[in-house]
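The same chain A turns up in both complexes below, where it pairs with chain B and then with chain C.
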Partner chain A sequence: MTNQVIEPISEKMKNLDELICFFKKSSDYHHFSPIHKEDEIEISYYRTLVNQETLNQYVIPVFQYVEGKHPQLEDLMRHLPFNDMELTTDLATIEKKITGGFIMIRLLKNRSKVLMVNVRDNKSGYRQSNETDNEFSVIGPKIGFVENLDTNIGLIRHKLTDSRAVFKEITIGNMSKTRVCLLYLEGITNPEYVNTAIQRLESFSLDVVFDSSLVDQIISDNGNSPFPQFLSTERVDRVTFAVINGQVAILADGSPYVFTGPSSLNDFFISPEDYYMPWVVGSFFRIIRLLGVVFSLFASAMYVALMTYHFEVIPDGLIGPLISARAFVPFTPLLEVIFLEITIEVLREAGARLPTKIGSTLGVVGGIVIGQAAVEAALTSNILLIIVALSALTSFTTPIFKMSNTVRLLRFPIILAAACWGGLGILIMFILILGHLMKLESLGSPYLAPFYPTRPKYWADTIIRPSYRWTWKRNGTIRPIQDVRYVPKSQENPDHEK
Partner chain B sequence: MKNSCRRGALLLLCFLLLTSCVHKTIIDEVQIISVLGFDKTDNGYHGISMFADYKKSELGDNFLLEADGKRARIILSKMSDASSRPISIAKLKVMIVGERFAREGINQFSETICIDPKVSSNVYMVISEAPMIDIFTMIQARDPEHLENLLTQTMENGNFPTGNMHYYLKNYFSKGQDSSLPIIDVGPQQRVSFSGYGIFKRDQLKMKINYVESFLFKLMLGDHIYGVYPADIMKGGAKKEIVFHCMSGGLKQKYYAKDHVRYVVRVKGFFQDYPENMFTSDNQMLIQELEHNLEQQLDKLVRSFQKAKLDPIGFGNFVRQHQRDWNADTFYEQVYPNMKVDIEVKVDMQETDQSGKNSEGI
Partner chain C sequence: MRYTLDKKVTIYPLLFFFLIHGSQTGVGMLNFSMVLMRGAEQDSWVTLLLCGILFSLLLLMFFYLVTQAPKGDIMSLHTSIFGKTIGRVLNSLLYLYFIMVLVFYLRTYVNIIQIWVFPYTPIWLWCLIILLTAMYMVAGGFRVVVGMNFWGVLFPSLLILIFFYPFKFASLTELLPLFNHNLKEYWISLKLSLPLFAGIEMFLVYAPFVSIHKHNKRVGIAAIVYTTLLYVLIFIFSVAYFDVDFLSIIEWPTLKLSKTISFRLIERFEYIYVFTWLIVIIGPLCLALWSSSRIFMQEYKAKSHAIVYITTGIVFILCSSIQSPKHLELLEQMVNTTVLSFLFIYLPLLFVVCWIRQQTMKRHNKSQSNIG
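Up next is the complex of A and B:
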């Protein structure tokens, strides 16, 4: 039963003619003889997959040249200016290649043997712009990945001019036959991760790989975790950085997102911009980002806990404003917070679904008008409005979209726990999340490394971004084969040694 | 997988059961009492509390609740019954004790407050010489934090030693020191003012010291030395008063024998409001006079404590540090009343006040 689904159609066909008949059911399938003498040569292909220009300029003239010479397929092969050609009689291969943008050339004298020529149109339908719109940075390169795998590999190769960079290709998807590529550095990346990744990539099947995030989810160590276990990005510099540090990167055709692993929690709060600014400034922004996450996770929950259970810890000066702001709000703090949090999430979701121009207008309308009106209508207090708006804002400081979604999602269980048990609830949720993170792995490497297991040796590039003088070693928690990234200045010059 | 799901559900259920263990007190559904007062009446105790209602304005309107009863919790619950919302003492700031009640012993009420885990140990405890209701009507007219701010401010910048429930309890339970609490009274302009300090034996008020003595007492306690001291200076046979502004200082204690200790007080500050015909050039003489004066006054204060067998300065604790077989009863009965306390005061001039400039020199 399961095999029937993924079995190619060619398995059921008796001969090539039958297969061609089947192909002909599609209206974009072309099957014709380019030469007047009807029965000598025939070619067939999917019109929508091949590059018409190449076909007209390089393939058809060859047929005109051999006209009347009774050519063999081997002769055609010699004359056709293409490198990706194959003579085959295998129906499965023929089917796979035809659907992959090859043209099939057949001689009537030898009806079972065909010549497959690759004239696939690689560029059509792909966008030209490859700016990193979703992971924008002011400083640094703005070039990002596109939907074409070869372009993406090229982009990485431009940055990583090193023969040690190995791209291993695997085809996934019984209907899409998507090319998925694994990138690693031979002699630097630990082969354990390469093998694990390849093993996982080969051990599942999908029909269509819509995006690399499908692969990401399927091969992740714990699919039920809200935390992303691979860092997915559209930035070339980020992928290059991960790979030179001993991680593997996985690219999928048709997806502008490349994911890298094994990732640790800390990687998700690092922006490439940290490395483009002076280390003091970079570290400051990174700390701001981390504080933002803590605020985003716990601020609303703290409000609920304090207002519902522990008002005695609120400073005296704040008691008055807090109570008078809530004076006419008929709901409990929990309902108040949930109402506002969901409003903000709805606004975000609506903004994400709408076209950019309408989206930004909606943000203003939603943020200011609805917020103000909600306070005036006594649905929420204005202090809470500030807290919720700030915690939504801080969740967006996380550079990786998937992680910022996780942060926003985790807010809700923490708020509910705070409503049930107050400060104890926040603590319980914190411990549960921490426990989960401690157990979590990415490609078999601990997710909380280097904090758990505790390796103070590798704490350098975590919470702060140290100077390049100190980051010449790779992060040892993912066990790269070669430790040294580059030789810092002071070591190059023996005078500086002492 | 199935197992871990079941385990997770069980864990969640256990946590859910815990929800019944917590009491919800939503901030705007309680009356947050900031000042609580107790005094003794002829048949029981009278309690007054003040809470601020912030519903109308952020500044808060003060309201009073009064109740009679024999136990603190009864009085509190009677207050609660008289209010539209339940009262909470979790954010209590000041506890006022009537003088009559203080003389009888405040322990049974202070215990109610101090064993409540929600009540901060920074609660100020004060004794009121004036009738309780007078004090409360005065503070009611001001903003909710008035009394607390007044106490904080005076202890930081004024002549009064730091004292709150934490200090009170520490001294109450310690054997080598007696507790002391500030005394408030109705001052001019219908304001609360400090009139002195009350010295306790266990939980009973035994002795009162006045405003100036409070400063001396603060010096002897040795922490946070700051204040203004009017010193009597003898010059040319006439007694004149000059103000010494104390900015900081320190205390050194020295142990000679179980009945002989030495306290060296070092104060840093400057003179203000020089009397007529006295100038900064006289500072050397003034310092000597002041040192002498302070030594005399401190000696007098300590003697009065010894006579009353009260030890708010903590001589007992100090001697105990140096004596292995120290016993509170024998120390206070036999040793303390005749204990020799040498007091030495050293004054350092820090600044010079403009009032002392020599007009002839200009």
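Up next is the complex of A and C:
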């Protein structure tokens, strides 16, 4: 049964003519003889897949040239100016190549042998450029990946002019036959990760690969975790940075998102912009981001715990404003917080689904009008409004969208635990998350590295962004084969050492 | 040479520090300075130092015991010395010992929660949620258990820094006069402070998971030194802040000490302490749960997850059945006596037996080789 689904149609066909008859059912399939006289050559292809211009300019003239000379397929092969050509009699190969944008050339004299020529149109229907709108940075390159795999590989190759960069290609999807590429640096990336990744890529099947995130989810170590185990990005510099540090990158055709791994939790809170600013400023922003995540996770839960159980902890000066703000609110703190948090989530979701122009208007309407009205209607207190708005805002500081989703999701169980068991509930949730993170692995490498398993040697580029004088070594927790990235100037220059 | 497991499951040598130190800290740290007032009063810091030395010797002894065991842990040592039947009985007793320790750790912490934060919530609820958390960790394997000990040392260390806050109200002259107690009072203090340092006996179970490194012993002793310093520091702070007379009547002096801390945003700092102490307590809790499950697993060759669940169930029933403070006190006395007799009577005896066995084996080998 399962085999029947995946089996190509050519298995059922007896000969090539039958297969061509089947192809002809489709209106965009062309099958004709370019030379009317004697009808000795016929070509066929999917009009929508091949590049018409190339066909007219380079293929048809060859036919005209050989007209009347009774050419063999080998002669044609010599005259055609293409490199991706193949002589074959195998029906399955023919079917695969025709649907992949090849043209089939057949002689009437020898009806079973055909010449397949690649004239696939690689560019049509694709964006030619992409600004990194979703992972914006003020400083730094703004070019992002597009849907076309070859363009993406080119973008990386332009940045990484090194022959050690190897792209390994695998085809996934029995209907889409998507090309998936794995990039690594020979002699730097640990081959263990390359093997694991390839093994996992080969061991699953899909019908259509819509986006690289499908592959990402399927080859993840723990598919039930809310945490993303691969870092997916549309920035070329990010992928390059990951690869030169000894990670592998996986690209899929038709997806502007490339994912890299093995990644650790810390990688998700690093923005490439940190490296484009002076290290002091970069470190400052990184710390702000990390504090933002902590605030986003625990602030509203703490409000619930404090207002429900531990109001003794609030000092005298603060308890007055808090109580007067809540005096007319008829709900328990939990309901109040959940109401506001859900409102913010709904606003975010609506903003994400709507066209950009309406979305920004909605943000203003939702944020200001609903917030203000909710306070005036005594549905929530204005202090809580500040806390919830801030924690929504801080969750967006996370540079990787998938991780910021995780942060926003994890807030809810923490709030519920805080409502049930107060401060102890928050701590229990914190410990559970910590335990989960310690169990988690990305491509077999620990997720919480270098904090746990503890490697203080590699703590430098985690919470702060150190100066380039200190980051000349690769992160050893992912065990690269060669750990020196570059030689810092102070070491190279003998005068400096004196 | 000590037997260790495959390199994939053993832990990094540095983490041994956190295991030893993590297993030594517990709820006792919050209350010990008041308890010590029954003995040598302000001079009890001497006995704390003495405890550090004694436990360092004990750790060295453990290292010897472990090298003598065929499988690198106390279970295999028992069976190799006493034979299968007696070994099994001893291992089962050890399993019960760890369950008792587990119940004690958990119940004392729940006691603090009940006294300080939630007086009306039933005990079983706290026991259940903390045990479920610990069970989740232990089900993740030894690596996660070690990790919990690691974080349990790291996070609260930041809290200890805040202890310098009440120091400006303290006067160190409270520690004077020095050495005005007789030996009997020191003896009482010593007996009271020894159980505080207990927990390192779990090393006898997890030893095969600690990879061999030339600094193993040094790291372990450094952890004990750190524990000792921590206890001495807190003791000195408590005595210098409260005086001896007052300290002998107040409960939970370490938490009371933290009450003096207040910021613009947080009043009643002891709440933070009580909650954060969960991270401290969950480390040894997980370790004890893991150790007891490991003993059972090794002895009866059972599946590990089921054993963890069963052990958790037993601990839960025992913990929630201890309701009144009187029972808790009884439990504390029982645990203290058992721990002391296990650490300072049984294990040294085992050490002597081991040593004699090794000597006779050596002689035997020598005589055999002479004959040959």
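Definition applied: the second predicted complex is superposed on the first by the 495 of 498 C-alpha atoms of A that agree within 3 Å, B and C clash if a C-alpha of one lies under 4 Å from a C-alpha of the other, contacts with A are read in each partner's own complex, and residues count from 1 in each chain.
As a working rule, a residue touches a chain if its C-beta (ideal position, glycine included) is under 8 Å from a C-beta of that chain, and two chains touch if they have at least 3 such contacts.
Remember, predicted model here, so these are calculated numbers, not experimental data.
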Looking at the overlay, does A:L318 come into contact with chain B only (first), chain C only (second), both, or neither? second
Just chain B (first), just chain C (second), both, or neither: which does A:L206 touch? neither
Identify the partner contact of A:G422: answer first if only chain B is touched, second if only chain C is, both if each is, neither if none is. both
Check whether A:R326 is in contact with chain B, with chain C, with both or with neither, and answer first, second, both or neither. first
Taking the superposition as given, does A:I370 touch the first partner, chain B, the second, chain C, both, or neither? neither
For A:I170 in the superposed arrangement: first (chain B), second (chain C), both or neither? neither
Which of chain B and chain C A:T308 touches, first, second, both or neither: first
Jot down the residues of chain A that show up as touching in both complexes, chain B in one and chain C in the other. 309, 312, 314, 316, 421-422, 424, 428
Where on chain A is chain C touching in the complex? 309-310, 312-318, 421-424, 426-428, 430-432, 434-435, 438-439, 448, 452-456
Contact footprint of chain B on chain A as seen in their complex: 306-309, 311-312, 314, 316, 319-324, 326-327, 332-333, 417, 420-422, 424, 428
Contacts from chain B onto chain A in the complex sit at residues 15-16, 18-19, 22-28, 30, 32, 52, 54-60, 88, 90-91, 93, 118-120, 144-145, 148
Seen from chain C, its contact residues with chain A in the complex are 11-12, 14-15, 18, 113, 117-118, 126, 129-130, 133, 136-137, 140-141, 143-144, 147-148, 150-151, 262-268, 271-272, 275-276, 278-279, 282
